[in-house]
Structures are given as structure tokens and as C-alpha cells.
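Below you'll find a set of structures to go through.
Shared between the two complexes below is chain A, which pairs with chain B and chain C, respectively.
Take a look at the complex of A and B:
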């Protein structure tokens, strides 16, 4: 194997190795509390929502667009689920499709404004997200709403395989779907050219407008799935649930683009990045650090990781 | 030049080579005070090298420069030329369209402005005085994007004139270099610009006017200097020189033909027809092309020839026109890139970096994009097969690269262009549209690209090649259409396709000028 191949493999799996190293260090320091299956199954299960939000971001990011509204889509759909289920007594087999349709509709709104009025997606989704947060506070009267059908919790957090809540497997399943879609379908290639060479794609017959619209709809639906799982995880919806997830999800998406398939937003890289970040935070809190370490770690790890990855790849300009 | 007076600018023995190729060879140029001096030459004649040495962009290999009799050491550091009394207005004018007239006027005026506080009211008042002085009716608060093209050009010229004024303390009035400011202006606006130039020279400012357009040079300049192949062919007093003499100086006389394409064979099969095509610049163009024919399109900058490939492939919107290709009629205002590909049309754009290839992505991804959903099933991509397809294209088009998986940015310009050709030609197109297919490509790769284009025609495809390189047309075109202000001005075919004939047709006095 040549040196450049070796460097490339080091770059691909660098974050995985660092993740294992982090586990080893915390495990050595706190073998009884940190290095237990129950701790890990909690991490895997409870952070499935963050994984799905991150995966949702990967799709428009690949197409060259930002979806800042995804976290508030989560909050809104989570609240919608809770209100329909707890307050209105709607059955789950109606609640779930309605929630997914709401997510898709938000995507259509984002996409239509971005494409038709030619406004940058950053501005559109910032506005739509903030608006959605207002709607959420309004319909919930700024209250946490509990009493959601236990069946939802059953299908999200209570059922377990190998001790890990089923929500984790949903997240992995979605990651597999997005990985497949990006790597093995013509649509994935069209998404990539829409983001990285929009004019090249257009002249080669890619309907770049339609591709971008679909990517917004996909991220809206991913936000809705995350919303359903959020409500299912806690059995309730609170009107600020998504707010704390937006920046960690972006951090994980960019961090994920430094590994597995370096230089590209990718599904498995995002999964690794999320679990690396939450493992670090979990370990620090087991050591007794207080909540401020969360943001220190999310931010610090992102910056350090992208610097290291740029050093490995020879500091060449990257246009993500 | 009147004896005894010191010229505004004097260049002596200026030379510059790039990688062994002499771009400029011992060039001399004198510009007097209060003179408009034309600078003429084809693409690659050394004109732009000369201008770039003056602006400090290139360092010359040898040669001296004197301004108002004072020697100036070369290269002039970037940003220092205004201090020497030199200012430049390039074709793109250097204006920020989103900003106001005033913001553009003071942009970069570091010598005069207080960096901690801009007094906008005083600056606006100063701008009004300045505009009055130049007979320019312009509101400092207007956005540049709302100005007509000629107002923008005038603003850029006034700004340049204002910048060299500081130099007057040294005793000289300064020198402006106007580098092709006119190709996108209508005739009446060109005259408005000329009137402004004459008012500037009336105050002693010297002007170097670079243009492709001989008629404009004949009309506005006092003297003109012609460059060809890096040499100064001569300087002429415009009023005493015949037009034909200048054309001959620009074009030269070539004795040998470089033609590599065979004469057109008559083939069965319907010709391709384009009727009543109008776009941004071109108006009501009708042309036809036979199977196996290479049709060259050329003209001066702004004549619109380079728009045709994009209009025919749906890459840019046509205002009217239709295309008859293989028995199907296509309405061009409704043409899309997808419809064009399905009709067997391939566009190889001039902007390789932005429109030809996605440089971050791999060779395989670039080459196979048009196959997805067409020749390849869209449901499941077999990466091995895609890489094999790419390797086959790379072999057929002699693309030198390590592996199909490497990024397109790592290839040389010539190999990138061969890859773009391969990407499109693997689809077996019936009509191939090329825009400047050999821009920025070395001689060896050029020849390979010509050979591929000729092969394509031998196989019965039709090729339209838009280019500003007359040599290229002499080598490969069966027929050439010369454009002027959006219309076809001349047609050359067979053995008449020589670079000097094309050049003469391009520089020939045009009807729109004659009618003025």
C-alpha cells in the first residue's frame, strides 16, 4: 500500500479511531459507570433523534442548500404528534402519516420560496424555522404536553434489541437508506452535481430545481421522523425541544464530512460523528463536569477535527 | 510626435516570454500628451501582454518605461501605477453593480480618503462637480446596476481620470489606458464615449485606446500602433493611413496553409437547419449544416457568434427560432439541456472550470453523469462498471490520469478538455456544439482535440465550432460564418478558409458603421 493510500485510510477512519480512543480513556477512568452496556444503550437510544436530524441535514447540504428549519420542524411535528395523540385522541396510524405529511409540506414551503423567489436557502429556512417555533408556542400555549399514547413509546423506546432501544435501529436504518441513495442511485449523483457543479449538472440534463425541491422535502420529512421519535422517547412534547439540537446537528454533519468519505457529507460519517460527540459529552459528565462541557465539546471537537482533517489532506481548498 | 516635446509615455525595447514563447519582442511605443493612441492586433499579438506589463501584472524580461521624461522602474508594483499617472479601464470596467455610483467612484481612493471617517455629503458634492466637469449627467446616489452600459463605461473612465489627477502635482496630466471599452455598446453610445475621450485629451491627458474594431480606431485616434506575433509592426498617423494598410499590418501575409481537414464529402442524410434564431445579441440568424461538416463561427468580441452553441442546446434562453435536426423540429425558446441531449445534441462549453466539469468530483462521476438514467439503470449503480466505462473513455480520448477515481481538478487543462469531449462524445451525438474548444490548452493536446473532432465528422456528425482563433478555423473548418453585431456578415468555405481571409472578413468595414 502506498503512502498516499495509507494517509487516505487514516483520514477515512481517523474519527472512528479517535472515538475508540475516547471510549478507552473514559473507560479506564470510570470503568464502573462509563464502560457499562446500560450506559451505552442509553447513549445509542437517546441520541437517535440527533442522528436523524443530522442525516436530514446531509441531504440538502449535499445539494448545496442549508435547512436551518429542520430543528423547528422537529419541535413543531413533535408538538403536533402530542396534541393529536393526547389532546384529540387520534389513533397512531393517523397521527404518523399526518406528521410525516406536515414535515413534507414544510419542505415544499422551503423549496418553493428558495427556488421560485430565488432567495438563499439560509434566509428562507431561518425564517420558516423561526415562524414554526412561533406556531409551536402558540398551539401548545408554551406548555409541555404529555399523555401521549403509550403505543408510540412502545415503538420508540420501550422495545429493545440487545438492550438498545428500537429508536437506534430506526436511525441506523435511515442512515443505510441515505448511504444507499447517495452512493448507489442516479439521484444521489444528481444531488451531488447539484451541490458541487450546478451548471455542469444543468447542462448535462439534471433538473437541478427539482432535485433541490426533493432535497428540502426529504429533510422536512426527516425532521418529522425525528419529531415523532422525540415525542415517543419522552412521552411528551416540549415547545423548545429542537432548539438545542440545531447547532450540534450541523457540527455533526460537518464533522461527518471529514471521515468515512472525506470531503463529502455522508451518512455513516454523520452517524460516527454524532456518537463520537455524545460519547465524549457523556464521558465528561460521568467524570463530574457540569453541563457547560456540552457546548465546549461540540464546538471544540468540530474545530479540532476539521483542522486535523485539513492537515492530513494537505490543506487544499474544500468547497463543501 | 512633435519634435522637442517630451512624450507622455515612452516604452523602449520591451520583451516578455512565457515558457520559451515570446509574447512581446522588443516593443517600442510612444504616446504624446493630449493624444489618443490606438493599439491594434489579433488575439495573441502581444497587446494584452503589453497592457499587463504597464499595469504591473507582468514583469518584463527587458525594456524601459519613461513617463513625462522620467524613467519608471519596471515592474511597477501593483496599485502604484496611479501614482505614476497611469490609470486603466478594462473591458469589465471594475464596477460593483450592487453599489452606488458614489461608492464605486471612491472605491480604492486610499490616498485621499480619511480611513476612519467618510464624509458622504462632501464626497457626493465632490462627485457632482467632477461629473459636471466631464459633462456626465449622473446622480451619485444611483445604483450602478440601474445605469445604461455607456454610463457605466463613462463612470469608469471619469474615475480613472480622477485618480491620475493627483499626479498633476508632478507636472503631467496623466495617461489612461482604455482596454476594449466599446464592444458591448451601440454605435450612438460609442460616439458619446469618443466625445468624452476628446474632452479628456483637451486637458492634456494621453489615452491608449485598445480595440479590435478598426473603424473605431480610424475614427477616434490620432495615431495607432499595430502589434503582430509580439512585434510592433508599425505606428501610423491615422489621418494619413488607409484602412487596408492597417488591416494588412494586423493580419500579415501567410504563405503556407495549415489546413488538416479534408474537403467535405457529400453525404446522404438531411442537413440540420437553424432558422430565425435570436438571442441576447444574435438577431434572426439562419444557417444550415450538412452531416459530416465542421462549421466555424467567429467574429469580434461582442458580435454574438459565441452565443449560438448555448442557444441551440437550451443552455441559454433563445428569444425565437427553431432547429430542424434529423427530421424533428425543435422550438428553440422552449429548448432545455435535457431535450437537447435526448435530441442528440452535445454542448462543450468554453468555461471548463464551471460548466464543463465539477472539479471536486471524480473523473468517473463527471464522465458517467449523462449516462445515468439513460444507458445505465438509475436504480442501482454498479461502481465497477461505471469505472470501466470511464477507463474506456479515458483510453479512447488519451486522457492522461492516474485512475478514474481521482478528482478532475488534478488534471491538466488539456486532459480536462479531452475528458469533457469524451463525456459527451460517448453518447454518439449527431450535432456537436463547441465553444472555444482549445482555450488555455497546449499545442499537443490541441492537435489531439482537432483529430477527435475530425474523426467525429468522418462518422457523420455535424459540428459547430465557435472560436476567436482564426488559425483553428483554417485547420479544421469546412466553412466559416463571420458575425458582426448579432448578424452573419460573411461566409467563407473550402480553400477560402484561411486565417487571413477570416481576419479580413472580421475587420472589414461593416454596414452599421458605413451608415453612420
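Take a look at the complex of A and C:
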């Protein structure tokens, strides 16, 4: 194996190796509690929502667009789910398609405004997200809505495989779907061309506008899936708490772009990034560190990983 | 001399060993008695003498700045305050905001410009963040008060004219008492707090004191999670504690809206049978969690009663009566035994009887 190949492999799996090292360090410090299956089931089962939000961001980011409204889509659809289920008594087999349709509609609005008016997606999704927050506060009367159908919790955190709540497997299933879609379908390639150079994509026959619109719709639907799972995890919907997931999700998406397929936003890299960050935070909690240390780890890990990745790749200029 | 010392030491140890179980029993009994005393429907106690509220408030106005209109607990109180003011026929406005101190500053400036008589900083709008604006409002002739922010033993912060307090210390004591009584003095608890809230000091001092005096062998760890981080940090913090401390039997989130993030951590760790949740505030959706078993106990405050009590204190100040420090808003312990009284789904004003409504009508001389 040539030296450049070795460096590339080191870059691809660098974060995975660091993740294993983090597990080894915490495992050595607290083998009796950290290295237990129940702890790993907590690590894997507790952040499925964050994985899905991150995966939702990966799709428009690949197309060169930002979706800052995804956390508000999550919060809005979570509230919509709770209101329909708890206040209106609507059955889950109606609630789920309506919620997904709401997420898709938000994606259509984001995409249409961005494409038709030629406004940067950062501004459009910021505006749509803030508008959605207002709608969420309005429809909920700023109240937390509890009393959601127990069946939703049953299909999110109560049912388990190998001791891990089922929501983890949904997240992994979606990661596999996005990985396949991006790597092995024509649409995935078109999405990548669109993100790398819109004019080049257009000249090679890619319907850039349609591809970008679909990426917003997909992102909106991922936000809605995350909203459904969030409601199923907490058994209620809070009008503002989901919004706090936006920055951690962006951090994980950028961190994920440093591994597996370095330089590209990718599904498995995002999954590794989320669980690397969650493992660190869980380990610090198990060791009894105060909560501000979690921020030090989160921010520090992101910056260090990106720096190391750049060093390994010879500090090439990158456009993310 | 050595023999004397060792005899004394042995005698002391024997006496201590004999006394400790009795002490532990006493502590548990005291804790159980406190819980029993706060489990029934509370009685109405007037905070001051009766006065003619309608006549005195006819030409006066109150401007309420809540900590955040997006927090269900606070939104309910402001809504009820507005309703009561409407019934009494005086001008009352609420400055809707989302918890940003710059919005509080805009609110207080709006109150000055529109010549309100009193600004009520409600349930967490902390005047320490905008002391110059408080001073400017006072110089313009407005009274500025904090309502439902401080404990009984805490002074009014940032030079405001009055602080109408809640017995937060008692709430802290009752949370500790519940766990002591339920475990017979074998508590191993994680206490989740938010230090930036002024009421936290008071709650934590009550809780710590109760453990110290009634259960010195009880173990508890306090972790601080800032309010803005509740959604992202409470769940992993609790999950970590559940793993690192297999003997944990209670999680005490001192504000009940934190429970949303505590209960999933316990459910994911499959420790719902071993680890119970006790908390404070009586927010309706958390009271509903008692019914489904995710929360064991919630110390409730009647949000409508709070609205009455805060307005009572504010009106007294505007009417030239003595300021009220102790709002006399009672606490009630809700558990599976009495949750039915809170309504299904739970209502912010149910489960406390209705004597207070008549009580305030008499106090304000508006009885039908």
C-alpha cells in the first residue's frame, strides 16, 4: 500500500479510531459501568432523533444548500403529532402520514422560495424556521402537550432489539437508505454534481432546480420523522425544546464530513460523528464531570477532528 | 488517661449505634408527617387586611413582564392575571416575549413610555439583568416589583420596590421528605438544578437542610444544567448517572418542566421500576405523568392562586398598603393517591379546592 493510500485510509477511519480510543479510555477509567451493554444501549438508543436530524441536513448540504428550518420542522411536526393524537384523538395511522406530508410541504415552501426568488437557502430557511416557531407557539398556546397515544412510545422507545430501543434501528435504516441513495443512484450523483458546481451540473444535463427542490422536500420529511420520534421519546411535545438540536446536528454533519468519505457530507460519517460525540458526553457524565465539560468536548472534538483531517489530507482547500 | 479516653470512645460509639436507628426513624417519621400535612386541600390564608380593590385600582394600571411567554407554567399565570384584572376593571397588559433579556428591557421601556403605574417582573424576569432600566422606571414614578421569583428568606434583588415570594424552601424540603419517607431513609438521589434561577438557591437550601437534619446517611448529588441546555443536556446527564450509580433510586428535577427530558433517560435505561422521579411546580402535563407512572410525585402550586396572590400584592402596593413578602400561596403534594383531584387531563387550577376564589373576593370586597 502506497503512503498516499495509507493517509487516505487513515483519514477515512480516523474518527472511528478516535471513537474506539475514547471508548477504551472511558472503559479503562470506569470498566464496571461504562463497558456494559446497558450503557451502550443507552448511548445508541438515546440519540436517534439527533442522528435523523443530522441525516436530514446531509441531503441539502450535499446539494450545496442549508436547511436551518429542520429543527423547527421537528418541533412543529412534534407538536402537530401531539395535538392530533392527544387533543383530537386521531389514530396513529392517520397522524403519521399527515405529519410526513406537513414536513414535505415545508420542504416545498423552502425549495420554491429559494429557487423561484433566487434567494440564498440560508436566509429562506432561517425565515421559514422562525415562522414555524411562531406557528408552533400559536397552535400549542405555548403549552407542553402530553397524553400522546402510548402506541407511539411503544414503537419508539419501549420496544427493543438486543436491549436497544427500536428508534435506533429506524435511524440506522434511514442512514442506509441515504447512503444507498447518494452513492448508487442517478439522483445521488445529480445531487452531488449540483452541490459541487451548479453551472457544470446544468451544462451536463442535470435538472438542478428539480434536484434542489427534492433535496428540500427530503430534508423536510426527515425533520417530520424526527418530530414523530421526538414525540414518541418524550411522550409529549414542547413548543421550543427541539430547536436546541440544530447546532449539535450541524456540528455532527460537519464532523461526519471528515470521515468515511472525507470532504463529502455522508450518511455513515454522520452516524459515526453523532455516536462519537454521544459516547464522549456519556463517558463524561458517567465520570461525574460537570455539564459545561460537555460543551468543551463537543466544540473541541469538532475543531480538533477537522484540523487533524486537514493535516492528514495535506491542508487542501475545501468547499463544504 | 488512655483507658479513660478509650472507655469514653467505646461508650460514645455504643450510644451512637443505639441512637442512630432511633434518629433515622424520627427523621423518616418527621418527613412522612410533613408530606401528610401538605397532601390535603390547602386552606386559604389572606396575606393582609381586606381592601376595596375595584375602587382603588380604577385609575391605575399594571404591566406584567413574564420571564418567557413560551414557558407553559408562566404563560398560564399571566393569562390568569389578565383575566382577573379584566374582572376587576383595571388596565393590565402583558409583554409577550421569549425569554430574552433584551425583550424584558424593551418591555420596561414600553411601560415607562405608556405611563403604567407598576411593572411586575413575573416568575424569572430577573431585574439583575437590567438594573439601570429598573432605576429609570422608578425615577419616572413607576413601582417595579418581582413576583414569584424569590424565596421567603431572599431579599428583593436589584433595588426593586417589593418582592412577593413563594415558600421555595418548603418545596425543596418536601421533595427531600418524600424520598426519605418512601425509602425509610435510604435515599440515593440525583438532583438536577438550574443555578441561574434565583429560586434555585432557596429550593436547594430547603432540600439540603431536610436531608441533613432528617437523613444524614442519605446520598444525593446535585448537577447544574442551565435552562437553555435542558433539551440537550438533561437526558445524557441523567443517563450517565443511571449507569455510574446503580444504587440510584430517585431523580429530583427541581422544576417539573425538566421531567420531559428525565423520563426518557430512565425509560431508555429500562430503570422505571427502580428509579422514581419527584419534582416541583404542578404543571398540568407533568401531573398527567403521575397518572401514567413516569413521575411519582409533583409538588403543585395552583397557578390561578398564584395569579390572584401576585395581583393582590401588586394592587396593595399601588393602593398605598403595606408591601406583601409572603404571598401565602400554598403547596400541595400530588401523587398517585390524589392525582384524580387534579382533573383528567390535569388542570392548572384543579385539586386545590375553590376556597381561595371566595377568599380573594372577600379580601378585595367584591363578593357577590
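Details
Definition applied: the second predicted complex is superposed on the first by the 320 of 320 C-alpha atoms of A that agree within 3 Å, B and C clash if a C-alpha of one lies under 4 Å from a C-alpha of the other, contacts with A are read in each partner's own complex, and residues count from 1 in each chain.
The rule is short, and it goes like this: a residue touches a chain if its C-beta (ideal position, glycine included) is under 8 Å from a C-beta of that chain, and two chains touch if they have at least 3 such contacts.
The structure presented is a predicted model; accordingly, all values stated were derived computationally and were not measured.
After superposition on chain A, the partners chain B and chain C are seen to fit next to each other with no clash. Contacts of A:25 after superposition on the shared chain: neither chain B nor chain C is touched. By the touch criterion defined above, A:187 lies against chain B but remains apart from chain C after alignment on the C-alpha atoms of chain A. By the touch criterion stated above, A:144 is placed in contact with chain C alone, chain B being left untouched.
Set against each other, chain B and chain C differ in how many residues of chain A they touch, and the higher count belongs to C.
In the superposition on chain A, A:290 contacts chain C only, with no contact to chain B. By the document's definition of touching, of the two partners only chain C reaches A:45; chain B does not. In the superposed model, the angle subtended at the C-alpha centre of chain A by the C-alpha centres of chain B and chain C comes to 130 degrees, rounded to the nearest 10. In the superposed model, A:202 makes contact with chain B only, not with chain C.
The minimum CA-CA separation between chain B and chain C in the overlaid arrangement is 30 Å, rounded to the whole angstrom.
Counting contacts by the rule stated earlier, no residue of chain A appears in both its interface with chain B and its interface with chain C. Residues 30, 33-34, 36, 38-39, 41-42, 45-46, 137, 141-147, 150, 153, 157-158, 160, 163, 165, 233-236, 238-245, 248, 278, 281-288, 290-291, 294 of chain A touch chain C in their complex. Considering their complex, residues 183-190, 192-193, 196-197, 199-207, 263, 318-319 of chain A touch chain B. Per the touch definition, chain B reaches chain A in the complex via residues 313, 315, 336-338, 341-342, 347, 349, 351, 354-361, 365-366, 368-370, 372-373, 376, 378-381, 383, 423.
Those residues of chain C that touch chain A in the complex are listed here as 69-72, 75-76, 98, 221, 223-226, 228-233, 235-237, 239-244, 246, 257, 260-261, 263-265, 267-270, 283-286, 288-289, 292, 294, 345.
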